[in-house]
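First chain A sits with chain B, and in the next complex the same chain sits with chain C.
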Partner chain A sequence: MSPDLWSLIWDILQSKLFLELVFIPGIAFIALFTVIVVWAERKILARVMMRYGPLHVGKVAGILQTIADTLKLLFKEFIPPRRAHKAAYYLTPVFVASVPTLALTAIPFSKDWVVFPSDLGLLIAFAVFALSPLLAMITGWACNNRYTVIGSLRVIFQDVAAEIPLLLSALGVVMLSGSFNLVNIVESQRRLWFAFLQPLGALVFFIALIGEIERVPFDIPTAEQELVFGWKTEYGGILFGLLMFGEYITFAAGTLLFVTLYLGGYLGPSFLPPMAWILIKMGILVFLLILIRGAYPRLRIDQLLSIGWKWLIPLAILNVLVTMDLIYFYPWILGG
Partner chain B sequence: MSVVVRTLKPLCLAFTHMFRRVFTIKYPFQAPVIEDDYRGRIQFFPERCISCGICESVCPTAAIKLVEVKELEGFSEVKKFKKPQLDFGRCCFCNFCVDYCPSEALKSTWLVELAEYEKSKLTYTPYKLSKQPERPKLLPKPKLVKLEISKVRGAGHAPLKKERGKK
Partner chain C sequence: MSLRKVKRGPKVIKTLNNLIQYVANWARLSSLWSVHFETGCCCVEFMAVSCSRYDWERFGTLPISSPRQNDLLVIEGIVSKKMAKRVKHMYDQLYDPKYVIALGNCSITGALFKESYSIVKGIDKVIPVDVFVPGCPPRPEAQIHALRMLQEKIRKENLESGAIVPKNNSESLEEKTGQKSTHSNKNKKSQEK
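Showing the complex of A and B:
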């Protein structure tokens, strides 16, 4: 090959976008996050239930169990249902796994480490979140199975009940920082994290986020005990693996968004780089969410709807009103 | 306030459970605790048996069958009579035979590891049934081996640790 091509490849390898897309928050980060979090989830849940959890694969505490499971999924046959819409059946897992990664492009990992720096970063993240129920609905309909259809209907109910309070509570943060740009939002938390300025908003956002990323106690669309596996019932093999992968990417994006909005994002004492701080905060939040999965039972769909409509939305609106009053009467909290 | 306490209590409980002793055991490598009066394999005491046949007629799965016992089979002091033969492939471990036996010649033991590679081996003759079950030896921890192919013996394996020592 000519030296020009080599230098071009070398330039690409050295460019920041390449590092961002490949390492963090790109492919390597997502894959490593999924592998570690699936293992940690199984291990922590096992410890909560006083079991051992994964033990044998890999030398230490079954750390390679997830990789073994992924290999198993790769070699498994998948059998599409006879009356399924074949194109949608095969294509949606790819989109379910790839669309949530777009939310990661808006998250700042340090002041100048954003894949897609934009003044509307928060809106991009929310727009990507809003796509997930659509994909779930297409999946459930394409499988042509009663469980998947019920599961996808539940996804729509749940996401309407969870997404409105999610947006409304994030509005308080936007009002305080005066920007939709996630870097600006993080930078305006230098004095005090927004979790302390807006405890109500943070709580509403946290609960709505659990509903949005469909985790226990709000994993109603994939309730294993009632619907077989919700809208993912008919999938097997690596297609199922892709669906689970997408679920964990959504998990990563949701926790990163909470950390960015309320826990000061990449801010922290300077003895560690900013990227380490956001990952540490994210790890603590992931641990808390796994612990919540071990502690609470699943709610019914009507209970979730009543929480979402009767409590979260009014509380989020109350939070917006309180923030307006704070900004009007005590403008010094804006840092001015 | 009580709502907050009630909500956070299970979370704290789950967190403290993480540091408790593990309840489950690593079964093939660690002996399971099975009580002596567990409904496991049934043991037969030939010197007490009166060959009444109640066990045969009471068995719900027809696993027990009375068979003629030859003297050579180890019952030289017992008279020639029909004794129970038990097929553990059919047995449902209901212990009716133990309960109904008028002379208490049948007793259940703790032995539950009854798996065999051949179905015929599950049929226990009166002589085999009268043996006292032994506590099973624990499986050793699996050792890491590497594949070794020789032209003479075909595929085999060699311990991995020696190789490491050489390096």
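Showing the complex of A and C:
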């Protein structure tokens, strides 16, 4: 091959975009996050229930459990149901696993480490979140099974109830920092994290986020005791693996977004690099969410809707009003 | 779904095939996600084995509710002739490779209700069974032993011996536990006698 081609490949390998796409927040980060968090979730949930959890696969604390699960799913067969829409059945898991990764492109891992730096980064993340009910609906409809259809309808109900308070509470952050750019939002938290400046908004955002990423108090679309496995019922083999993969990428994106908006993102004392700080904060949040999964029972769909419409939205609007008031009358609280 | 056995060809391909099969077997035995079909009192013991103190998630099992995602079907308790159709249906809903554990005397032979006109005398007349666990009901330790036996069975599946697994591996479990394996119908009947 000509030296030009070699130098071109070398340039590509050295470029920042390549590093971002391959390592963080790219393929390596997503795969490692899924492997570690699924294992940690099973271990922590087992500890909450006074069990050991995975122990014998991979000698040390069942560390290879997730890898064994993934390999098993790869070697397992999958058959579409007879009356299913075949193309949609095969294609949607690929989209469910790949679309949430777009939300990671907007998250800043340090001041100049963003895949897609944009002045509307926050809106990009929310737009990607808004795509998930559509994919779930297509999945549930394609399987042509009553459980999957009910599950996907519940996804739509739930996402409408969770998405609006999510956007409204993030509006407070936007008003304080004066920008939709996630780097600017993080930089304006240098004095004080927004979680302390507006605790109400942070609380509403946190609860709505659990509903958005379908974690346990609000995992109504996949309620195992009512619907068999919700909109994922008919999937087996690696297609099911892809659906779970997509769920955990959404989990990563949601926690990263909360850290970026309210917990100062990559900011922290300088003895660690900024990338380490955002990952540490994310790890603590993931641990908290897993503990919540172990501690709380699931809500009914009507309870979730009444929480979303009767409490979260008014509280988020109240938060917006209070923030407006603060900015207009007491600008010294916000540091001038 | 088992990998195709290579009958002829160079030794390298045989070894490679064996290696992939070995990895697949390891993955399958380490993550036997289970669903249970409860028709009798044995399911209480099954719950005990899933909970703390006996916890068989240690060996990589995971209770998942949809049969599409499961590998291991545990039949517990008495199965009537009407129910046998549902058992068959349930078995068909699982995707390959799938394994079955028959739990308790009732599902093995019909035990106490053997004389009844409406009882299936042995679930292995309806679906293939990998491991029988006798007992009324079997202790959680016996169920964990059955799981370990199933794992030993999967470890040797579709594998030409000698390439990766040492040849004497087949007797390792029986040596360890001092018990005869109950994999086949033959052994089961001899135990009953």
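The rule is short, and it goes like this: the second predicted complex is superposed on the first by the 333 of 336 C-alpha atoms of A that agree within 3 Å, B and C clash if a C-alpha of one lies under 4 Å from a C-alpha of the other, contacts with A are read in each partner's own complex, and residues count from 1 in each chain.
Everything below uses one rule, namely that contacts are C-beta pairs under 8 Å (C-beta built on N, C-alpha and C of every residue); 3 or more make two chains touch, one makes a residue touch a chain.
Just so it is clear, the model here is predicted, and its values are computed rather than measured.
When both complexes are overlaid on chain A, the residue A:72 reaches chain C alone and has no touch with chain B. In the overlay built on the shared chain, the residue A:64 is in contact with chain C alone; chain B does not reach it.
For chain A, the partner with contacts to more residues, out of chain B and chain C, is C.
Of the two partner chains placed by the overlay, neither chain B nor chain C lies in contact with A:80. Of the two partner chains placed by superposition, only chain B is touched by A:291; chain C is not. Once the two complexes are laid over each other on the shared chain, residue contacts for A:117 go to neither chain B nor chain C. With both structures placed on the common chain, the touch criterion links A:44 to chain B but leaves chain C unconnected.
Of the two partner chains placed by superposition, A:268 touches none, neither chain B nor chain C. Applying the stated contact rule after C-alpha superposition, one finds that A:54 touches chain C and leaves chain B untouched.
By the touch criterion defined above, A:237 lies against chain C but remains apart from chain B after alignment on the C-alpha atoms of chain A. Put simply, chain A uses residues 49-52, 55 to touch chain B in one complex and chain C in the other. The touching residues of chain A, counted against chain B in their complex, run 44, 47-52, 55, 291-292, 294-296. Touching chain C in their complex are the following residues of chain A: 42, 46, 49-57, 62, 64-65, 68-72, 74-79, 224-225, 228-229, 232-237, 240. The touching residues of chain C, when paired with chain A in their complex, are 1, 23-24, 26-28, 30-31, 51-52, 55, 57-60, 62, 64-66, 68-69, 71, 95-97. Across the interface of their complex, chain A is touched by residues 10-11, 13-15, 17-24, 26 of chain B.
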